[in-house]
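Should a chain be cited, it is by its letter among A, B, C, D and E, assigned in written order, with residues numbered from 1 in that chain.
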Amino acid sequence: MAPLVYFQLVSAGLFAIGVYGVLARRSAVLIVMSIELMLNAVNINLVAAASHLDGSGAFQRFDGQIIAIFVITIAAAEVGLALAIILRMYRNRATANVDEIDLMKW
Amino acid sequence: MTGLTENIYLLAPEFALAGLALVVLAIDLVLPAGRKAITPWFTAAGLLGIIALAIAMLWDRQELLYGGLLGVDAFSLFFKVFFLGLGVFIVLISWEYVDRYLDNPGEYYGLLALSILGMNLMVQARELLTAYIALELLSFVLYVLTSHARRDPRSNEAGLKYILIGAFSSAVLLYGLSMVYSTIGVTQYPEIALALSAPGQLPPALWVGIALLVVGLGFKISAVPFHMWAPDVYEGAPLPVTAYLAIGSKAAAFALILRLVAEGFLPADDRWSQWQIVLAVIAALTMLVGNLVALAQRDIKRLMAYSSIGHAGFILAGIAALAPGSDLATNGVILYLVGYSATNLVVFAGIIAFFNRTGRQQITDLAGLADEQPLVAAAIAAGLFSLGGLPIFAGFAIKFYLFVAVAQGGLLWLAGLAIFSSLISLYYYLQVIRQMYIEPALPQPGIPESNDSPSPGGADTPGAVGELNDPAGAALLSAPAIRTSPSLVGVLAVGLLVVVFVGVYPRPLLNLIAAASRAILPGV
Amino acid sequence: MAFAWLIPVLSFAAAPLVMVSANLARGRGFLIGLPAIAAIGAGFVLFWVVLFGFLNAAPDTPNCAISETTETLVCDYDRDWFQAGLPRLEGSVALRWGILIDPLTIVMIGLVTFVALMVQVYSLGYMRGDPRLGWYYAVHAFFAGSMLTLVLADNFLLLYVAWELVGISSYLLIGFWHERPAAKEAAKKAFIVTRIGDVGMLLGILLLWREVGSFSMHDAFTQAHLGSITQGAEGLSQGVATAAALLLFLGAMGKSAQFPFHVWLPDAMEGPTPVSALIHAATMVVAGVYLVARAFPIFQAYDGDALVVVAAVGLVTSLLAATVALVSVDLKRVLAYSTISHLGLMMLSLGAFGYTAAIFHLLAHGFAKALLFLGAGSVMHGSGEQDIRRMGGLSRRMPLTAALFSIGAMSLGGIPILAGFWSKDEILTAVALGRNPVFIVIALPVVLLSALYMARAMCITFFGGLKAENRSAHESPWIMTLPMSLLAVLALGFGLISFNWPGGFDGFGGFVFFGEREKFHFTWWLGILSALLAVGAFGLAYLAYVKGSISAERVRRVFGRSIAVVENKYYFDEVYQWFVDRVVLGASRLLALFDRAVVNDLGVNGPANSVRRLGAMLRLHVTGHVYSYALAMVLGTIGLAAVWWFRSA
Amino acid sequence: MSWILFFLLGGLTLGAGLGVVITRNVVHAALFLLVSLVAVAGLYLILFAEFLALVQVLIYSGAIVIVLLFAIMLTRSGEYPRTGDNRQWPLAAVTALALLGVISVAFLAGPTELTAPQSPSFTELGNSLFTIWAIPFEIASLVLLVALIGAIVIARGDREDG
Amino acid sequence: MLVLDQSALALVIFTPLLGALLTMFLPRERPGDAWGFATGVGVICLALSVYIFGRYDYGEGGFQLARSFQWLESPVNINLALGIDGIGAPLVLLNGIVLLGAVLISQKIQQRSKDFFVLLQALGAGVFGVFVVRDLFFLFFFYELAVLPMYLLIGVWGSSTDFGSFLRTKEYSAMKLFLFLVAGSVLVWVGILAVYVKAASLGTPTFSLDALGALALSGGFSIEFQTWVFPLFMIGFGVLAGLWPFHTWSPDGHVAAPTGVSMLHAGVLMKLGAYGIIRVGMVLLPEGAANWMPVLIILGTVNVLYGAVSAMSQTDLKYVVGYSSVSHMGYVLMGIATLDPIGIGGAVLQMFSHGIMTALMFMMVGAIYDATHIRDINVLNGLFGRMGVTSFYFAIAGLASLGLPGLSGFIAEFMIFTGAFRTYLPLAVLAVAGAAITAVYILRLLARTFLGELDPRWDHLTDASPVEKAVGGVFVAILVVVGVWPQPLMRVINVGVASLPGI
């Protein structure tokens, strides 16, 4: 079984990839995807830690998994809402490219 | 697990609030189009009822729920009442605006109630995930409300930017959470404190994790360099939502931070003292950037956004000055939040009253307001003076108190910088006041600018307002000034009263605040 | 004598009263001046009371003592004025109203009250019908009060107060006809020029206070005396005493129009002529001489180092002014330059230790000059002319005025047995004895000149053929000639009191003296010389201007261009004007520009603008693109994480 | 064995992730995302988190990616297959690498314990979720509600509410 | 009287404050009402301040009529502690006089008169507050309160000046003035915080001036601490006192302000700065003060000369007066910097005297401007013939400012010279010279504006209004009375000055 740190490194890598995606892509949809990658990195980290650590106090050692469930939930909601807004944007402005969305600046 | 839920009745206000939200959403569905005007009043009344309920039930309680996941104490009660009260005011200032410019009022008020629930839970949470989810509840509502003006491309853009950056920052925050969890295995504040004060080396991933947490929270309070979303979102969002963003969401985030720091970091005194300076630097950057950039603004909402960034810097300075064994800084921060919120409320109420009449929001549009709407102008002016930190308004007293706390926390330089930034801020506040009081009224152009153009009220607009709204454009604007709505006048009057009262005699309030801060501070 | 304070106070009180009565007695001009005249009249009466009181006083009289510096009897009365600093604290000062009565004061009171009374009576006629008569008399009364306070003051502060008050009265009276641009300029000039001297005087007073610890003259004199005796071991050191004396002398130079501050006095003739008579001839302008005399213990301490300067300034002034007086064509200006010249002579006398002589000349000159001015006023009143080139033979139209004027002129010119002769002679004696021969060598031409210009003015104006312009001239009313007559009596016979008459009257020098009583002394060779010069001068003038046997024009041509220099008053006004316009105002404008361009625009607007510009630049960082916001966040995150780690490790 | 699996799945996760952010085709990106998410589910399995793996596959692969594909179609992003990167992508790469550096160094510098991974039973998980974590659970449901309402309010067509 | 004794100080603050509040509720349609009401408030304030001054027992000294209300308890410990001492009493009197004068003179304000009087009364309340409180927080509170109305007062009711080559708009001046004053208070604020933190570190967290003063006397504040904190107060308060080179707000601000505001501002508000230096800087940081006074006196001297020389070439009446205020505040600063009982006493007296005389000058300038709509002294000429009373009052004020004996300015300046002569001789010499320069510009002004031939342009002019005449007459009388008999003021001031540490 791989030690915790390996999973952590995978998670860090995935997180960094997600960050890159957010920073570098133009399409809002792709940015949302990249954020999903970041959230998955979070989950890998949580689940791995949950499997490797002892719990403490009233809380269980597998709290990490529960947190991950919540993260997945929130992520799903986030995607839904974000896409709804992107759709609205597309309807209003016929674009979903973030570098064209700069009506407000400075 | 009976022990977990035996005092679950303490959550009655929260349940009531959730219930209220659902009822509001429901009645909006069933009410006929012509009678939807009661939704805001219903919401406001419900919120008031919940305030009463909360005070009656929770006064002097200090208990933990769910094994310490939530804390019901003076601190949370204070903020609960505060947020609920803010909610009432937000409803009141929204009413006319929503009526005129927004669709779906039922959802608006229902979501508003839900966001207040989120804020209430944020202050009660004593665990990172709970806090995070409560925060998300608030954020989601804000995302929706920000893009609530559906046909307004600015509102749309603001919503998109807000949710993208918000999701990004919450991913960062969660990653921080996961790093904290993966190093010390806990997420409850007291346990974090325990782990932090444990002897011996701690893995560096913990520090990075905490830093990422700070980033996520810093985003919420729009601390530099995580602030850039704020101006766009403030500018694009419908005005009452902007007010809500500036007042509610910020205060809730700070309340969360307060509890996190007080319960999670402060007991580990040595660690905290290492971090204070970092926060202080962020605070310094925030106040400087916010106030400097505000100098160059022309849009009143955008101006208020930068102003709120600047104020976030001040409050963050108070956070950085938190010290174990003294409730000075906590008091200072809470007092500042209250005073700042009240002041901002007054300013935004005034701006909304102005906007409702003219549909304009450039600073230069305010010219001549003092002659046309003296009360509104006076309220805005008083609010801006207060924001600038001048007596007899709240701004002076709260700044003084906060800066005393900052100085007392060993950050005299930061206090000095904060005072200096208030000086800068006065410049742009005065520019607004100048427009209102000194400049003569501009000749009204025939058609309001397209980007601000109000969406017509729609079928559910009540007759009276609909008449005014109907011939949108020249006829509306050349018509004699619309009377400021009574709810706005009421908010202005009450708000001003609070602003002056806090500025002149904050003692009763401070007593409450001191009780609140003692509830979260160890050993005070 | 304790009530001597009443003398000035009566006049002070009269000033507002005049304003009131002026409002009440609108139209009846005669009544307007009455309170002022009554007050000064009462003052004159009180003068005699004080004089006799003083003569009867002895060192054992309460408040009286023999001064150890002047060796005369001095009586001092004072009351609290105000307290600067708590009395119990070290370094606090109690300021007091105080009057000092000694021979010097008494003669000055006599001079002031008498001349003021005469002038005020004279003004009833001269100023008749002026719409601002109330104002005129009010300021006159105010002036009289101030001048009397000046001579009565027993401390330097009060002296300074009075000093400034006479200055402002002078300002107000010179500018009485302020509608005339020349008058308002002259008034301003007079005040500012004297004010410059006053700065020095105030500094001197403060310096004395700093060294002595009080403003009391008595203390200062005692200290100066002590220092002089002990050669600086105690009391004032030599440097301080000299510095203080010179600083005080600056004030005296300003007030007494000594070179180079003399420029204001001729211009001051823009005021009504009675004002010139009173203030700019007999009383205020001699305040400088009085000051030097009053502070003589300081001046002559350490062998009178400072007095050398006094003498030199006096000499230069008298010579300069006398030459200008000779070529002036304005009757009043001739008199003004003559005044300057004589003030210079008084200073010269003081500078040569001729204390008694100076005071004596002060009085004699005061009476004579007041008479001359009143005479000039009478001429102007009668003929409406002021330029002597347009006068001639006026004695036919106004004989009384001519006679009285001539008495004054001859007295001042030093015709023997008239008052001026004796006083001038005393001065020459003092100079001959007390100073380097150079001084007397230069002083003698001054004597000649002073006789010559008086004779010139007298001859041109009154004698010779009646000029066409003067046909309608007429004699002045009695209310004007009466005061002139009284003054003429003094101008004639005042010299008599300088002698030691039998019957215990030991002369002026036995009353007003410094250190030791002075007998009347007469240096024969000097007396004869000066008498010859005076008579010769008058003869010359008679020949030149009445007989016409000497052509003034030809004399002019002999001197060529140098006479133009003199006629232009040595270009003092031009140089000063240039200095003020170019240097002072230039500096001021430069500073104002500096204030605007550098302090305001650069120092204030600059930072303000750069802050604004900084804000405008900073705002560009909010690009409007989500990904750049995220980039900033990530950069911030990296930085924060690194710092956080670094701080915690 | 688990090592091989770990490297395989880890590599797949990262590789597909990279694919998401690098590919020029939006639809490809969504598919890459799907691969990556499934690989993550596999990682969960290695960690004995069966429940999570299940959730991952159901929600992410099943729901989220589908929604994303819908969005791609609705915004017609698919019609522009060569959707590129924005101007700052080199900077973004450097920054992301730096972030990776900081985080991974932080992980590497920590203690590497070798504990045997264990997994809770579904019962334990459920128990915990509905007792201690009941409140977050309920809030999360509200969050979903908000998202739902929000999506409707915002995305609803313009005409039907007139 | 006991009741009044206990409440006089509180009343004097709260009467105008309450007045401001009530004024807001007056009907907007009748602008005269606001004036009448404010006049009533002004009269009460004047009566109270006369009472306070009269009740001050100079034999006993110290703080009197003291009263303390708890405001915030531990940990910050702020009390609304009131009390009046020998330095505050004359200044309270001054404010009472000038406030009423300013209100009376503002009868002409018609545009938004309600707002005007609200702000004016608030300004008055702030000034009173600063002079009677004994708590650092409230001192600062009222200090800021006094600054707050200035922006609007100048911005709304002020006037712009066009110099041809450049323009000083009222907005610019108002903004400059306001930002300058607030910038000064930034430093003051930091100083206050520093003092508080220091006191807290000594175990007595407090803002009470009494307690802090006692701490200072017992050597609680180290010399290093005092030396770095004192300049904060010196410059911070100095800005309001017109300290060079932070004076530039002052002429512009005075010029732009409406008459009543100029009066209050130049007359009283600037004194707050000097008062603050004494009350806060010197009392709390005596050694720091001693270390910094050489700097302050040099700057004060620069003020004197700079202001006077600048005033010489100004062509705008108000600018002359404005620069003269800079110059005269320089004397005040010099007097303070002497740390000599006479010098400081002179400074306090100068505050009083300058307050009256500059208010009088601004009042008369206002009357002239109202009548002629001209302020350029090159254009005005011979006003005396038409506006005799105005000219006379102005002349008296001008003469007082050039230090003519018999008027209050002389006594004050003389005392300052005296104090400076004992401590800083060379600078005293320069300052005395400054007095001569004052004479130059004042006389230039008088000659150009008032004297000279009667101009047919002025045929229609009427003299100052009866109200102006009456107020001006009172001011003139005060100048004369104080100049001739300063003892009633001096005995009070002496007591106050004597209680300062290090004197």
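Definition applied: a contact is a pair of C-beta atoms (placed from the backbone, for glycine too) under 8 Å apart; a residue touches a chain by one contact, two chains touch by 3 or more.
Note that the coordinates shown come from a computational prediction; the quantities given were computed from them, not determined experimentally.
Any chain that touches subunit A and also touches subunit B is listed here: C, D.
Common partners of subunit A and subunit E, by the touch rule above, are B, C.
For the pairs B-C and A-D, the larger set of C-beta contacts lies at A-D.
Central chain assignment: E. Criterion: smallest distance from chain C-alpha mean to the mean of all protein C-alpha atoms.
Centroid distances from subunit B, each centroid being the mean of CA atoms, peak for C. With centres defined by CA atoms alone, the chain at the far end from subunit A is C. Remark: subunit A and subunit C have CA centroids separated by 96 Å (rounded to whole angstrom).
Between the CA-based centres of subunit B and subunit E the separation comes to 42 Å, rounded to the whole angstrom. Between the CA-based centres of subunit B and subunit D the separation comes to 31 Å, rounded to the whole angstrom. In whole angstrom, the spacing between the mean C-alpha positions of subunit C and subunit E is 37. Residue numbers of subunit D whose C-beta contacts span two or more other chains: 86, 88, 91-92, 95-96, 99, 102-103, 106-107, 110, 132-133, 136, 140, 143, 146-147, 150, 154, 158. The set of subunit C residues that touch two or more partner chains comprises 619, 622, 624-628, 630-631, 634-635, 637, 641, 645.
Subunit A has residues 4, 8, 15, 18-19, 22-26, 31-32, 43, 48, 52-54, 58-59, 61, 63, 70, 74, 77-78, 81, 85-86, 88, 98-99, 101, 103-106 in contact with two or more other chains. According to the touch criterion at the top of this document, the contacting chain pairs are A-B, A-C, A-D, B-C, B-D, B-E, C-D, C-E. Of all residues in subunit C, only 625, 627-628, 631, 634-635, 637-638, 641-642, 645 touch subunit D in the complex they form.
Within the complex formed with subunit B, the residues of subunit E that make contact are 17, 28, 70-73, 75-76, 112, 115, 126, 137, 140-142, 144-145, 147-148, 151-152, 155-156, 170-171, 175, 178-179, 182-183, 186, 189-190, 193-194, 196-197, 200, 205. Subunit D meets subunit A in the complex at residues 2-3, 6, 10, 13-14, 17-18, 20-21, 26, 29-30, 33, 36-37, 40, 43-44, 46-49, 51-52, 55-56, 59-60, 63-64, 67-68, 70-72, 74-77, 83-89, 91-93, 95-97, 99-100, 103-104, 107-108, 110, 112-120, 124-125, 128-129, 132-133, 136-137, 140, 143-144, 146-148, 150-152, 154-155, 158. Within the complex, the subunit C residues that touch subunit B are 611-612, 614-616, 618-619, 621-622, 624, 626, 628-630, 632-633, 635-637, 640-641, 643-645, 647-649.
Those residues of subunit B lying in contact with subunit A across their complex are 67-68, 129, 133, 136, 140, 143-144, 147, 150-151, 153-154, 156-161, 163-164, 167-168, 170-172, 174-175, 177-179, 181-182, 185-188, 191, 205, 231-232, 235-236, 296, 302, 451.
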